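Letters A, B, C and D name the chains as they come in the text, with residue numbers starting at 1 for each one.
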Amino acid sequence: MKVAVMGASGYVGGELLRLLLQHPKADLAAAFSKRHSGEYLFRVHPNLRGVTEAKFAAYAEPARIADSADVVFTALPHGESVKVVPSLAETGVKVVDVSADFRLKDASKYRTWYGYDHPAPEVLKDFVYAVPELNREEIRRTALAASPGCTAITSILALAPLLSEHSLGVDREHIVVDAKVGSSGSGGKASLSTHFSERYGVVRPYKPAGHRHSAEIEQVLAGVCGEEVSVSMSAHAVNMVRGILSTCHVFVQGSPNPVDIWKAYRRVYQGSYFVRLVRDKEGPFRLPDPKLVVGSNFCDVGFELEGRTKRVVAFGATDNLMKGAAGNAVQTMNLMCGLDEREGLNYAPLHPV
Amino acid sequence: MKVAVMGASGYVGGELLRLLLQHPKADLAAAFSKRHSGEYLFRVHPNLRGVTEAKFAAYAEPARIADSADVVFTALPHGESVKVVPSLAETGVKVVDVSADFRLKDASKYRTWYGYDHPAPEVLKDFVYAVPELNREEIRRTALAASPGCTAITSILALAPLLSEHSLGVDREHIVVDAKVGSSGSGGKASLSTHFSERYGVVRPYKPAGHRHSAEIEQVLAGVCGEEVSVSMSAHAVNMVRGILSTCHVFVQGSPNPVDIWKAYRRVYQGSYFVRLVRDKEGPFRLPDPKLVVGSNFCDVGFELEGRTKRVVAFGATDNLMKGAAGNAVQTMNLMCGLDEREGLNYAPLHPV
Amino acid sequence: MKVAVMGASGYVGGELLRLLLQHPKADLAAAFSKRHSGEYLFRVHPNLRGVTEAKFAAYAEPARIADSADVVFTALPHGESVKVVPSLAETGVKVVDVSADFRLKDASKYRTWYGYDHPAPEVLKDFVYAVPELNREEIRRTALAASPGCTAITSILALAPLLSEHSLGVDREHIVVDAKVGSSGSGGKASLSTHFSERYGVVRPYKPAGHRHSAEIEQVLAGVCGEEVSVSMSAHAVNMVRGILSTCHVFVQGSPNPVDIWKAYRRVYQGSYFVRLVRDKEGPFRLPDPKLVVGSNFCDVGFELEGRTKRVVAFGATDNLMKGAAGNAVQTMNLMCGLDEREGLNYAPLHPV
Amino acid sequence: MKVAVMGASGYVGGELLRLLLQHPKADLAAAFSKRHSGEYLFRVHPNLRGVTEAKFAAYAEPARIADSADVVFTALPHGESVKVVPSLAETGVKVVDVSADFRLKDASKYRTWYGYDHPAPEVLKDFVYAVPELNREEIRRTALAASPGCTAITSILALAPLLSEHSLGVDREHIVVDAKVGSSGSGGKASLSTHFSERYGVVRPYKPAGHRHSAEIEQVLAGVCGEEVSVSMSAHAVNMVRGILSTCHVFVQGSPNPVDIWKAYRRVYQGSYFVRLVRDKEGPFRLPDPKLVVGSNFCDVGFELEGRTKRVVAFGATDNLMKGAAGNAVQTMNLMCGLDEREGLNYAPLHPV
């Protein structure tokens, strides 16, 4: 199976390369990069030194890309992907897009959240928003997939079981998602904000209001529970490179007990290898912590219940470049191509790290 | 003015020593420690090497302590402080307690939150819960003060203006406080959880439900707004030693605008040197970040407004050992002793650090 | 091929389990742990949650272990391994020992460096000190291997080409090895020194004199150059969990040029996949840096030349748990068992991380 | 006493402002910055928010600067300072220069080390290279001082006692200085190398050969011991913002004992408040560690002796922005102005931090 990556010089592109170069069923046909065409991959992604002698290719016409690849990953900035993907899609090649351009079903929301009118609203319906743990079968049947945003998928996996369990009576107007994100989530471009001396040791509010991933989360959760859902999201940059913890504060009615909530999680994630349920009574890691997923495609989920305030605190933890981006995209490709979803993703996390 | 510190070997005790040794109006009469009696202070607090040749003293009788000191700081674990402070109080010496034992006005809440029946409920009313920015005059008149918990004061200072502004119509049932806390907040005792290899790089849920500081916050906010308030608090250990960011998600009615909210903050904190209002349009530090208060007694507060979800996200940032503990205690002492509240606390934060 | 791990609950043991559980040619027959017998592996190594349901086994008799396994890894403390390994060795089972107990050829050096008389000096000659890049063929023929210490192998790989190149005229009396080591190198036991608040942000001299790995390095380098070599080693604990940078300051005679030195490195490491030569003119990573080997079995080596002081500064960088311990042990097993040395070790490093 | 700072927008400039704004005997007359003229200081140095409402001034003519200030600190890049300082010096104002432009006595060395011909070689002799602990009296008498480079002063203070003690027989040809430096030492300019995701967690060789501070160290040590000294220096960027550890490997003749070496240190630093001798038998901090000087003007020095290799390993630890730059400059100003050298520098380090 031949694969190509467009936008291969960014952090997500680099993680896709790392995974695809080691994927037992995939051959990397091309890694496209406008800026770095002709350079060795390892000049931009220094971890790949010794791993590959391949070079970045200059952008080619969609038809030519489709000739040489069975699957194309598009890891382009939002607004850029939409310029390329529709013509790629027309060739019939499989596409896994990791930008935001095909995630929202309602084209008008691109104006609201991204500030532009979607130039190809008619293709949105052809894309499957890919959270394999929630819509595996749908992904198996599609040729076009939109892989979620990193904080989106992490929060969705933490929240979906609660929204799916109507007996909990979730207060859909007051769902608070408080995310803590590593630096790699904001990309590889240097600036004063990302200068080490300024960025080290921070807990920096980052998109405290109007976070664009809110739209994706609301879309999926509405699908899960059959009603409109409002997500109040705030993100923070914290002192690490990889990882997200999404803390979801959910108010419920009645008097739920932990066992019932636990059952809801088990029911939803039964058979989903990459979601681990974490809720221990002892040890340093009793609830999800991004430290424990670094380098892997796992999303750890768990929860705590506060009876007094009728609140469930649900947690999701991912490596933002893996399950939060490239890992989920490869898992999606596996499903789209009829492979075991774990193929090429069988990495145990590192510990300690 | 002579001062003594009980429980001087912990992190808060050490920070008190650092501040008091350099305080222009205070003389350190004694630093008491059961375990380290007779040792040099700098053996336990290695930063004090070269700063002082003083040694820890063995615990003395309250009457003797009161003879030698005008003010006593009690930095003991909760449950221990209450064994000592009442008899100290009887001597008439001024006491600033930094444990939890005298923070709650309603004795029954000690059973609820701390799991013990308060052994001296009658003294609770004599203590002022000291947040100088909210009750400066009251502190000036008391001889007995309880200094708040670190996440409590950080959250209180972020939230008080919102609760004090009735026109906002704060939803008092759905106030979410999501705190991110440095390691020094949990003290100096080694364990597997705090072992560097296990603790480095975490975003670890820590007291996601039932956090004891909730009780203090609710008590103060109820005082501010005149009605019961429910606080839904979750704390997280993050990858730093000093600092707290408290992210407070508050739902409001109507359609508030930032200017009005800003005014509420200005009104409450006018004349309060140690609260800085942070809400910038550019630069890396647009909202409070604990990185910017390290080593100082500042509490930075600021907010963002999300119209769509009718949510105000209010932030408080402190150095947990300073404004979150020892700094606030010294500020309290200054007020109790008729000094300028800034005396001995005039440290600009370090940057970068 | 069946493998067993003794001392499976430590950090090196855990890394061995992670590698062996994913090794395509190895089956984990048993993970022995005195303290954790009967517990799930993932209770002690939380990264293995979801990866395996296996449990720790109680220690068995050597004969029984040898019945169930083709290769045994002994990841025991020095002084403990020597109590077990000789009887294991007698059974004919292959042993890869990662303790220090079989690394030194001269039994008397155990008294000098480790403070005990080696209880089985006669077996030392049967062990191959395994640095595959230097003695691959010897490893292929042995049944008993001693895997080097983490700072030892990192320094050896940086230094060997210089010592092997007689024309350089290395001053063998003034070789300085200044190592910077992550916390995982000192194991999983909690103490005040490793308490996060005390350990975070340090550059702490750690074994500035008398570092035991000096003995191994001297032994190997003497073999390489045919003469006695004196190594002056100092190690430092730095602010990371995984990784070692070994900076080796070597004085030379004459006027070497970089090209000749470069050739010496190429000659020695030709065909050695796991040693990468790093010496770039631009980019952030011009010389070896442990950040770029995390999660992999690579050892990056490179050098700079200072003509003025007739000094070559040679660098080696490893992930101390991988090439510095478990990774090298698995590579050694691969060779001992006739497999490709890369089998089960084909991990590209993570970046960024 | 009125003071002015030129180049006030850099990290060293910011640290000078922080110290001078809180200095009991100094009034900040002006903070000059070409780029930020007219802006509030706290926009560039966000820690100063709430501390001062002062603004950056546009560069003025030397004569005007000298009219308004008694002392001028020049914190300009090397090559820039030399354009301004000579004309400032002519006015008779006191100057403390923190660039490299006036540190070396031999003008020809600027060609060797900095790549330019010094444009004002005749003024070099008028400058005192200021290490108060070594030449306090000389500083008291000068109007022109050059404050050392950060790794230079840290290494000099670690090494001077050894070089001053002739009986040790220091091998002056093989002195290795291996420095570990925090990010603030390389300034506030963002680049790919300093991008958090690329810089976090590194141990990155930085100037492994040809480090310019070598020249200063050699100059001072030659003065101390009366003979030429060759320093072999390599620096590394490590995972912290503030701090330097300088590890100095020194070979000696004969059989020195720790007591004699200790005496040499005591003799040299007797009466020097800001040098602390650290050499403990227990606790986490037995030797100098930059973690323990953060925020202070201390330089901690200590050593270990390796008899086998006839090596003394001497350590120096500073906060690179304090004793390594701004703190030493203020200490120098104090001496030049007849003040107690501790004035305005009386900060105990923070711990833990």
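Keep this in mind: a residue touches a chain if its C-beta (ideal position, glycine included) is under 8 Å from a C-beta of that chain, and two chains touch if they have at least 3 such contacts.
What you see is a predicted model, and the numbers here were worked out from it, not measured in a lab.
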item	value
Chain located farthest away, centre of chain D as origin (C-alpha)	A
Between A-D and C-D, the pair joined by more C-beta contacts	C-D
Whole-Å gap between the CA centroids of chain C and chain D	38
Centre-to-centre distance between chain D and chain A (centres being mean Cα positions), rounded to whole Å	47
In chain C, residues with contacts to at least two other chains	11, 183-184, 188, 192, 195, 197-201, 240-241, 283-285, 294, 352-353
Partner chain A, residues of chain C touching it in the complex	11, 14, 18, 21-22, 43, 45-51, 183-184, 188, 241-242, 273, 276, 278, 283-285, 292, 294-296, 298, 346-353
List of chain B residues in touch with chain A within their complex	171, 174, 176, 178, 180, 192-193, 195, 197-205, 208-210, 230-232, 234, 236, 238-240, 243, 245, 247, 249, 251, 283-291, 294, 304-306, 308-309, 311, 313, 315, 317, 352-353
Touching residues (chain side chain C, partner chain B) in the complex	11, 183-184, 188-192, 194-201, 240-241
